[in-house]
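Structures for review follow.
What follows is chain A paired twice: with chain B in the first complex and chain C in the second.
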Partner chain A sequence: MTYKQRRALTAYAFLLPAILYFLVFFFWPIAIEFWASLRSGQPLIGESEFAGLKNYIYIFKDRLAIKAMGATLIYAVGSTVFTLLIALVLASILAGPLKARNTIRAILFFPYIVSFVISALMWKSILDPYTGLLNAALLKLGLPQQYWLTDPDAAIWVLVAVSVWKDIGYAVLIYIAAIQGIPNHLYQAAELDGAKRRHLFRDITLPLLMPTTLFLAVIVMIASMQEMALPYLMTGGGPANATRLYSLHVFDTAFQGLNIGYASALSFVMFLVILFITWAQFKLLNRDIRHT
Partner chain B sequence: MLKSLKTTGAILALAAGLGAGMAGAETLRVYFNAGHGYDTYMDAIAQFEADNPGWTVQFEKYQWPDLRTKIVADFAANNPPDLLATPGGWIPEFAHQDLLLSIDDYAARDTDTFDYPGDWFDNAVAKNTIDGKNYGVQIHHTCATLVYNKDMLAEAGYDAPPATWEEFREVAAATTKPGVFGFAPNSAFIYYWPWVFQAGGDYFNTETGKVGLDSEATISALEFLSGLIHEDRSAPVPVAGADYEGPQRLFTSGRAAMIITGPWDINPIRTGNPDLNWAVAPSLTGEVQSTVQGGVGLAIPKDAKHPEMAWELIKALTDVEVEVETSLRYSMTMPRKSWLADQRVQDDALLGQFGTCLPYSQDVQLPLTLTGKFDPAVDTIIQTAFEEVLYGRADAAETLKAAADEANAIIDAK
Partner chain C sequence: MAGVTLKSVRKDYGAVNAIPELDLTIGDGEFCVFVGPSGCGKSTLLRTIAGLEDLSSGQIVIGDTDVSHRHPGERGVAMVFQNYALYPHMNVRQNMGYALKLAREPKAMIADKVARAAETLGLVDYLERKPAELSGGQRQRVAIGRAIVRNPKVFLFDEPLSNLDAELRTRMRLELSDLHKTLGTTMIYVTHDQVEAMTLADKIVVLRAGKIEQVGTPLELYDNPANRFVAGFIGSPAMNFMSATQGDGGLILDDLNGAHLTFGAGVAAGKPVTVGIRPEHLDLSPEGAPLTLRSVEQLGGVTYGYAILPSGGEFCVDLKGRRDVRAGDTVHLNIPQQRSFVFDPETGRRLQ
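Moving on, here comes the complex of A and B:
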């Protein structure tokens, strides 16, 4: 065995645990799920039979699944866009010389470390139209009562807002680290050339933050597409299924309806959708990085 | 040296004794609802363990949705518990899948000491009877009925609770004032059905084999509720969510004059506002007097390791003394006729009033679950339709017809 082969073998030996981990806990479940998605009845837990693509075709007839996918896209895009935009603005401010910036960072980061269950129940209590603190405050100020959680058009945006509140601290910290990593001489050179603050931000900060933006966009988007706890705890998917996100629909289909084959097909479609969105994000945002 | 040897010998003997004890030890696994781990049941279990040396009850508590996930996974892994608590509908569903054990042989054997089904309300037995066989024993038997604030009604000029829909609408309007609603409806699925049943409607018509969603009765029930919310403004739009405590909180804080609820809210109201002057009324009469029925059943999985002991524990937990004590301490209504006849229960005005609703109460999904064609997706479709009418103000007849077609397609495909 040559030295090169020995080195390769050693490398693979070190990689083996990780490869096994991914095979057992990621690729094998995906394969099993795909197998289950081609069967009707209760594959994995009971009797089932081969159904071909029947489960996949039924998704297009499932009014609730289509509505859930729509709500999930609104939620995911809304959460991602608002989280990144607000985080970028806050990070730009907090990366500079600002008094009490550490305290502000800690306050912003705090929601991220609070349990999702506690956050959801807290916001549900605050936003309750009849007993909530927010409406009580509005009424005290002489403003009209708001029906955030009972209005089907408003409820999904309430979830987006809570999601942004929860994730913003993490995104701000990542952005601050990225901003502080940008070499100072780039700004100094640009200033010598007469660049103004807005030019510095647009032509240096933003492009150099593109890898960070890509990372955050992918992370937040994937997490949002998979979200289940928030609607489950805050709205139960209502009112009128306005906040029935896709994962909640899959959960109900699998564990309430015991329709495991169809739930597997729903899950596999979500897997493909997330894969496509992530690929699209890489295509769109990576292109900008190369321009820099 | 001798002392050391003696000590070592003693330790070894103790270890051997413990080992022997461990070898003879048996564990009875029980899955129960998280909210029902009452001290009275813990006492009954302690007594059961004392009466059966060597047996330990592993009492695991879960919220219903988690319990369902858990039991589904356990059935798949062929590792179910010995005893399973279930809300409405699970026993027929699992029995149709051949996952539960019929308790008939045990009941017939013990009929001298344990009068099942003779001492149980007929509708509590019917919930767990599939093709003439019993697959479970009810431990709780509940119904939801009208609960009202006596002072608020008196202030509006009413010295008795409403008995009909017309009276109810009038009282709700009269007791509504800024910040206070005459009636606080609940968004949870089951709370829509008292209205449908009182209008003469049903969840599933066993004669036609179709859901009763698009019947005149269901449409009129939804229109009545919508009228209270959007026309009279005597009721708020119910808040959707995973819990069903919103109306109770409004009632307890004096911001709602009437709610529809079950005995599970007696303690929260009592402890939340001890000064509240409130009472329980018979269910309203529309076309008929009716309301919804709830409860918890105990079932033994077919693959349970210790079905015999599980049956013994069922007997211990549903003993009438345990039932009476539990109902008095935790305000839960029970399925045994001798429980309702007990003077201590009769003397408790609130419990007794809830008890009188049990005979005319109906289990919502039972007619469909007994056919083995129940699918929770049907509930989701119905709930969506109801909410589209109440929240989105969609046309009731049109919305319910479309939903009925969708629900019937699911049932027909089963």
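Moving on, here comes the complex of A and C:
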């Protein structure tokens, strides 16, 4: 065996555990899911028979599924855009020489480490129209009370806000690290070129953060597209299915309706949608930035 | 174009004083080189002129304008950094035109100025490339081009050639010299390489611990150093220093087997002094003081011999051309009076 072959073999030996892990826990379930999506009845848990693309065709007739997809897109795009925008502004401030920056960073990161169930229930109680803190505060200020989670137009945006609150610490942390990684001499060169603060942000910081923005956009978008816990715990998908996110619909279809084949088809479609969105984000945001 | 005047310029970092009060005048169109060892404050001084460091006190005047507290972009200076500082996400054209874009110059004008600078610097074929796709020399040219297009009153160079290999450094040095002749703009150049300083400068400013040790033309500093520090810093190989004491009618070189020198008449009897002589100014003579060589460097056209003096200092001899000399051989040296310097060993001040 040549030295090169031995090196390759060693590399594969080290990679083997990871490859096995991905095969067993990721690729195998995807394959099983695809198999199940082509069957009617109760594949995986009971009797089933081959149904071809019937499950997929049914999705187009399932108004609830289409509504859930719409709500999910609003939720995912809203969460991603607001998380990134707010995180960018906060990170730009916190990356600078601010006295209380470590305290503020810790406060911002805190929601990220709190259990999802706890934060969802906490917000549910804060937003309760009759006993919640928020409405109590509004009343104190002489403002009308709001039906945050029972107003079909507001509920989805309340979920977006909670999701932004939850994820912002992580995004801020990543952005701060990226901002601090931008060499200082680039800012100095730009200042000598006549750039003021706003130019430095627009022409240096923002473009050089593009790889980070892409990374965060993909991560937050995928997590939001798969979101289930938040509507499940805070609204149960209501009011009038306004917050019935796609994953919740799949969950209900599979475990309430026990329609495993159809739920698998729904999941597989979501898998393809996420794949497409991630590809589009790469096309849109990917910049080749190599420092010299 | 404009000259630069520094009046009582001082720079502190908290309690640490980097530059005590310093005065300097750089003439219009002059090529001025700040030279000195690492940490002597030369880059700090340059960055203070650029406005990248705040002035603690004093005044910086460019042309007739006091720019002491102006934004770096409003001082009329352009700077070339040691690591080029090119914007990695912009191509060469955008890098070079960025300052003009910020100044809201018309697009056609920007294109024209960038094209002309690219032509001067041989970058025409690289305008669409990103910095990462260029070699070190090309990146340095882009950095210079970025400075040129702004047509600044003063160019500032912060060790611009130190990241290049030896061959490219020599070539870029010549190009910079030509550029200065073509543009005629005031240039301030920071380096620790005294060959760059000697070859490029109209005026050299030797700095140590933030203070100016001497200002002068390269040959003035070489021929007439004000103190031991300047004498040792300017010239390559560096000047040799030997301990000596005043004896009867001249200096006795304790470091060279008690060789007797016929100069140093003004030095008080018994006073220890330091005698300095450049390696190229030593004469080989059979009657001279003997010196055993520890190592020999044959460079083809020139041969250097090295020895360690009893006082511990290194001693270098230019053996004049190609010579068949080896380590362990003894050479005999004559120290010509007119080429020697006498320094006070305590203050370093030149006595003769």
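General observations
Note that in this section the second predicted complex is superposed on the first by the 286 of 292 C-alpha atoms of A that agree within 3 Å, B and C clash if a C-alpha of one lies under 4 Å from a C-alpha of the other, contacts with A are read in each partner's own complex, and residues count from 1 in each chain.
Here is the rule we use: a contact is a pair of C-beta atoms (placed from the backbone, for glycine too) under 8 Å apart; a residue touches a chain by one contact, two chains touch by 3 or more.
What you are looking at is a predicted structure, and each value in this text was computed from that prediction instead of being measured.
Of the two partner chains, chain B is the only one touched by A:239; chain C is not. By the touch criterion stated above, A:204 is placed in contact with chain C alone, chain B being left untouched. In the superposition on chain A, A:63 makes contact with chain B only, not with chain C.
Judged by the touch definition given at the top, the superposed model places A:189 against chain C, while chain B stays out of reach. By the touch criterion defined above, A:258 reaches chain B but does not reach chain C. Look at A:147: by the touch rule set out above, it reaches chain B but stays clear of chain C.
By the touch criterion defined above, A:180 lies against neither chain B nor chain C after alignment on the C-alpha atoms of chain A. Of the residues of chain A, not a single one touches chain B in one of the two structures and chain C in the other. Per the touch definition, chain B reaches chain A in the complex via residues 65, 68-69, 72-73, 75-76, 97, 184, 187, 236-242, 246, 249-250, 253, 255, 375-377, 380-381, 383-384, 387-388, 391-392, 406.
Against chain A, the residues of chain C that register as touching in their complex are 50-52, 71-74, 77-79, 81, 83-89, 98-99, 102-103, 130-132, 134, 139, 146, 150.
Those residues of chain A that touch chain C in the complex are listed here as 183, 185-186, 188-196, 199, 203-204, 207-208, 210, 287-292.
Listing the residues of chain A that touch chain B in their complex gives 44-46, 63-64, 124, 128-131, 147, 149-152, 155, 232-241, 243, 252-253, 255-259.
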